[in-house]
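What follows is chain A paired twice: with chain B in the first complex and chain C in the second.
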Partner chain A sequence: MSSTGATPAIRLTGLQKHFGDVRAVDGVDLEIADGEFFSMLGPSGSGKTTVLRLVAGFEQPTGGTVELAGRDVTGTAPFERDVNTVFQDYALFPHMSVLENVAYGLRVRGVGKAERRRRALEALATVRLDHVADRRPTQLSGGQRQRVALARAVVVRPRVLLLDEPLGALDLKLREQMQVELKQLQRDLGITFVFVTHDQEEALTLSDRVAVFNEGRIVQLGSPREVYERPVDAYVASFVGTSNLFDAEVARAVLGRDGRYALRPEKIHLAAEPDAGATTPEHDRVRGVVAETIYLGIGRRVVVDTEHGARLVVLEPSTAPAAVERGDHVVASWRHADLVTLA
Partner chain B sequence: MTLSPVSRRALLAATALVLVLMYAPLLVVVANSFNPDPSMTWPPDGFTTQWWVRAFHSAGARDAVLTSVEVALASTAVALVLGTLMAFALQRFRFFGRNTVNLLVILPIALPGIVTGVALNNAFRGILAIELGVATLVVAHATFCIVTVFNNVVARLRRMGGNLEEASADLGAGLWTTFRLVTFPQLRSALLAGGLLAFALSFDEIIVTTFTAGPGTTTLPIWILNNLFRPNQAPVVAVVAVVLIVVSVVPIWIAQRIAGEAETVR
Partner chain C sequence: MTQPTAPTATAPSSGTGAVARRASSFLATRPRLRLGLLLSAPLTWLVLVYVVALAALLVTALWSVDAFTGEIDRGLTLDNLREVATESLYRTVTLRTLGVAALVTVIDVAIALPIAFYMAKVASPRARRLLVVAVLTPLWASYLVKAFAWRSLLSEGGLVDWVLNPFGAHSPGYGLTAVVMTQAYIWLPYVILPIFAGMERVPDSLLEAAGDLGASAGTTVRTVVMPLLLPAVVAGSIFSFSLTLGDYISVNIVGGANQMLGNLVYTNVGAANNLPLAAAIALVPIVIMLGYLAAVRRTGALDNL
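Our next item is the complex of A and B:
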């Protein structure tokens, strides 16, 4: 990012925000490139939303600076910043029609009536809602309100769009559909999206890069693949997807090695004894008994109690040939390379 | 909820009885204002508008109405400004003693009028050494008028949250523009409802008024009280009472309709 020499859309330096004794944001350094789809992922209270509000200007930092396109905007008001926000509860103006809501940003900038009507309708058309322009926000469904909020934020053509858990209130089907639309919109507009979510799947599928937050800090920053395949510590390994964690004791018993490791459930291969499965030198093997099998549709989750006492969760694809059953003696194996060393 | 026919009829009867007991006396007053007999014997043995004509020519009644309107308008105006400012302070900011201030603002509506009246009377005359008159009356009425405005605005602010204003600022609007285009339109119906209630409260107030008006200032309720037992004035009092009913009920009816509409729009 910074190595290319281009000015980042957002640069945060030593950013801190304290509420009384609570360090909501505790030293965040971050550069987000122009045109990037960037996600901030973390549980509630991890500081991701506060970082977003600091970028938008709703909060002022206790320490550190916020730069937008190379300009230090620390201390300026939200209306002086070239960023727009899509709020979690949409925050549509209830006393205005959908069209007036979308045109609001143009209106306060002094754009003429005909011009702002044209541009607002255009923005509504991009989210396929131009047919509800004259309705009130209360007459729309959750998904429609969500899209109106998007149209209202992009109509003023900001350099950066901030999205605060924008899909949190939608049901699963709608959420998946909106994820596709968001991604498309971002590609079409070519602007920077900063997306706050606690849904790791959403963050992984949408983003160019992901920052995983914990207790006001970024614990890992990287591509979705890096974050998923190479979590830096036990926190990331368990928050992003499910992981089998080997602490020092279990690692010594199962692997005969020191250190702490994580292993993704889908990387483990199960074979019924005595068919011992893969036995190449680059595989680890452990014996166990199947304690539980859970049908998931796309596959099965199999819980195995190993001979060393540790429990393994295995994800078997639905294409797996011989399905093991509860009580079966099995051999679990995985490639050394799939084992992630944790800090 | 479904009720059995018996209990439905019983509840209907009870409701009807309560409403009759509440409103029959008011209807009697209305009827008496057209009763030709000056001692208001019941039932009326005819129909006359002479008391209405007399009432409209009575300088005392006319002045009392004007004084009451003047006081009600002034104290409502004071209440609108101060009540709204206090609602913003208490709803939008966290500060030391916030809950105490909140209680102190609401208390005047619960305090017995006689206590408020005596206390203000002592303060005005004894401590501040001010002549009682319209000005002291406006201040006294404003103490409880503020509460209705305050309650309405607080409820509205609580419901709208701070998000709409943040969204407005985010879209590029400065503080004044945000207030004009977002905050005020959201508050408008709450201000109207609170203001109309405040007006009605002030217009028919009598206890606090007795202690803070001074001898030269006669509001409509005071005038009624003074004239009620005077011979020959009773029918005129009935006319004035009917006017008072209309003037106090209409604002409340409007306030309720506004509140109802605001509910359904949301």
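Our next item is the complex of A and C:
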């Protein structure tokens, strides 16, 4: 999905935002292609929401530029930018009905009454809420409000939709359902989605590309698979999913090698001590004792204390043949290729 | 077996503790009695001080004064009410009072809106605290002191004259303009505070959402801020409007020869020794306020409170 030749929907160049001494955004360069589902992933305070607010125009950057579809919009007001935002708290107008909320963007653009009613109802229909058009936002459930906020933002057909942790306030089941709907909506509308989240699973399942943020900078940019399978450093490896991290000392003891490495729990194979497991030369092996097993439904998490003192977390699929128990002596093994070298 | 070191919940305790415990467990299962005990004091206060006083006022308005002896005749008559309703003097003073109150309210709301907006949405938390203190500080000073301060400001050769004279203008002197200025100054904090509180309750994200959807600042104020702020503006206006309606002190101090409803009440209680007529005049602002509240209710401004 990277842009070759075509003008990107969003281009950020050397973007900086300082609040007093705090560098919330500290030099972000980024291009987001037209029609891309792009996620900004990071813990709270990593600068991802501030980047979104700089793109929307709610904040003015301390340095750098924001371009939308090739036009430099740095310094312009939010209402002059062809982007719309879905807010974390939905920001629905409490004094207006659902229909008036959705029609608001059309109303301030001077669209006629009949026309804006038709288009607002159409937008409500795409989120399957045309039957609550006359209610007040306070009479809706969290999931419904979320969808009204979506309809309100897309009814004006923006080039780019910015979503600020839009699913954060919903419960798990609803969140999973909304993820599917968001993905469908983005495919149907064909507009660029920029999605801010601290939920790595959400970012991985929804996005074409993911930018992982830390301390105001992008530490890794790539497809969900790249970010998950090939994290560039210990921060990404531990923030995106779970990783076993080998620092220099452990790496020398366990692997007999220098450097720092990460290893995903599901890549480790456990075998009871007597049948020493796979012994091909492309495998690393280490002995240990099972310290804890946790049942997860889709599998089991097994914690192994290795003979070198380091702890390994292993994810055993529920299909694994002989389950090891606490106190068992085991051999943990993995392919060299699954070991990720960190910066 | 070891001895338990902490007393258990069922252990008997001292006398008063036991009584208190029994009383609270008695109340715990009787929510209505609990509510009754909680509300009895404030309800008694409200009924005695408020409702009874108002009823006494209404009854007094129906009495009359014997013209020769000056004694109050407790026979019921509608003469006072009829006089207040028909005499042109009372109509003129009522209209004048209404006009002053309306003008004071409009001026106060117009000043309070930008100040409240700045306090709630723009100022840093530190500046906001300082501004709240600054708004409240004038309330520490006595009403009389503030009214006399305006008297000296507006006097011939006073500060206002001194500032305006180079531009060829003069102090408005003592009169209705001075009353409006003084009242607008004195009641301003009562208008700023509710509007500030109302503005604080409007989430920033609503303002951002309006801008995001294409509304300019002016359109945002008109379509989002003002409708949400209307109940707060109404609350503030009720303060400035009703307080001005009932005022008589500042009129005496800076109003020159003008009279407002409050002055008529004052003279009738004092010099004219006609308490029943004073009571009848005092009903006028009450009726006006009831009408104002009914009109406000009709607009639906209070539905979102």
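One rule holds in what follows: the second predicted complex is superposed on the first by the 340 of 343 C-alpha atoms of A that agree within 3 Å, B and C clash if a C-alpha of one lies under 4 Å from a C-alpha of the other, contacts with A are read in each partner's own complex, and residues count from 1 in each chain.
As a working rule, contacts are C-beta pairs under 8 Å (C-beta built on N, C-alpha and C of every residue); 3 or more make two chains touch, one makes a residue touch a chain.
Remember, it's a predicted structure, so these values are computed and weren't measured experimentally.
When both complexes are superposed on chain A, chain B and chain C clash. Once chain A of one complex is fitted onto chain A of the other, the partner contacts of A:Asn84 extend to both chain B and chain C. By the document's definition of touching, both partners, chain B and chain C, reach A:Phe93. In the superposition on chain A, no contact is made by A:Leu52 with either chain B or chain C. Contact with neither chain B nor chain C is seen for A:Val240 once the two complexes are overlaid on the shared chain. Note: residues 56-58, 77-79, 83-85, 87, 89, 91-95, 104-105, 107-109, 152-153, 156 of chain A belong to the chain B contact set and to the chain C contact set alike, using the contact criterion stated above. Residue ranges on chain A touching chain C, taken from their complex, read 56-58, 77-79, 83-85, 87-89, 91-95, 104-105, 107-109, 152-153, 156.
On the side of chain B, the complex with chain A involves touching residues 163-164, 166-174, 177, 181-182, 185-186, 265-266. Chain A makes touch with chain B in their complex at residues 56-58, 77-79, 83-85, 87, 89, 91-95, 104-105, 107-109, 136, 138, 152-153, 156.
Of all the residues in chain C, the ones that touch chain A in their complex are 203, 205-206, 208-216, 219, 223-224, 227-228, 304.
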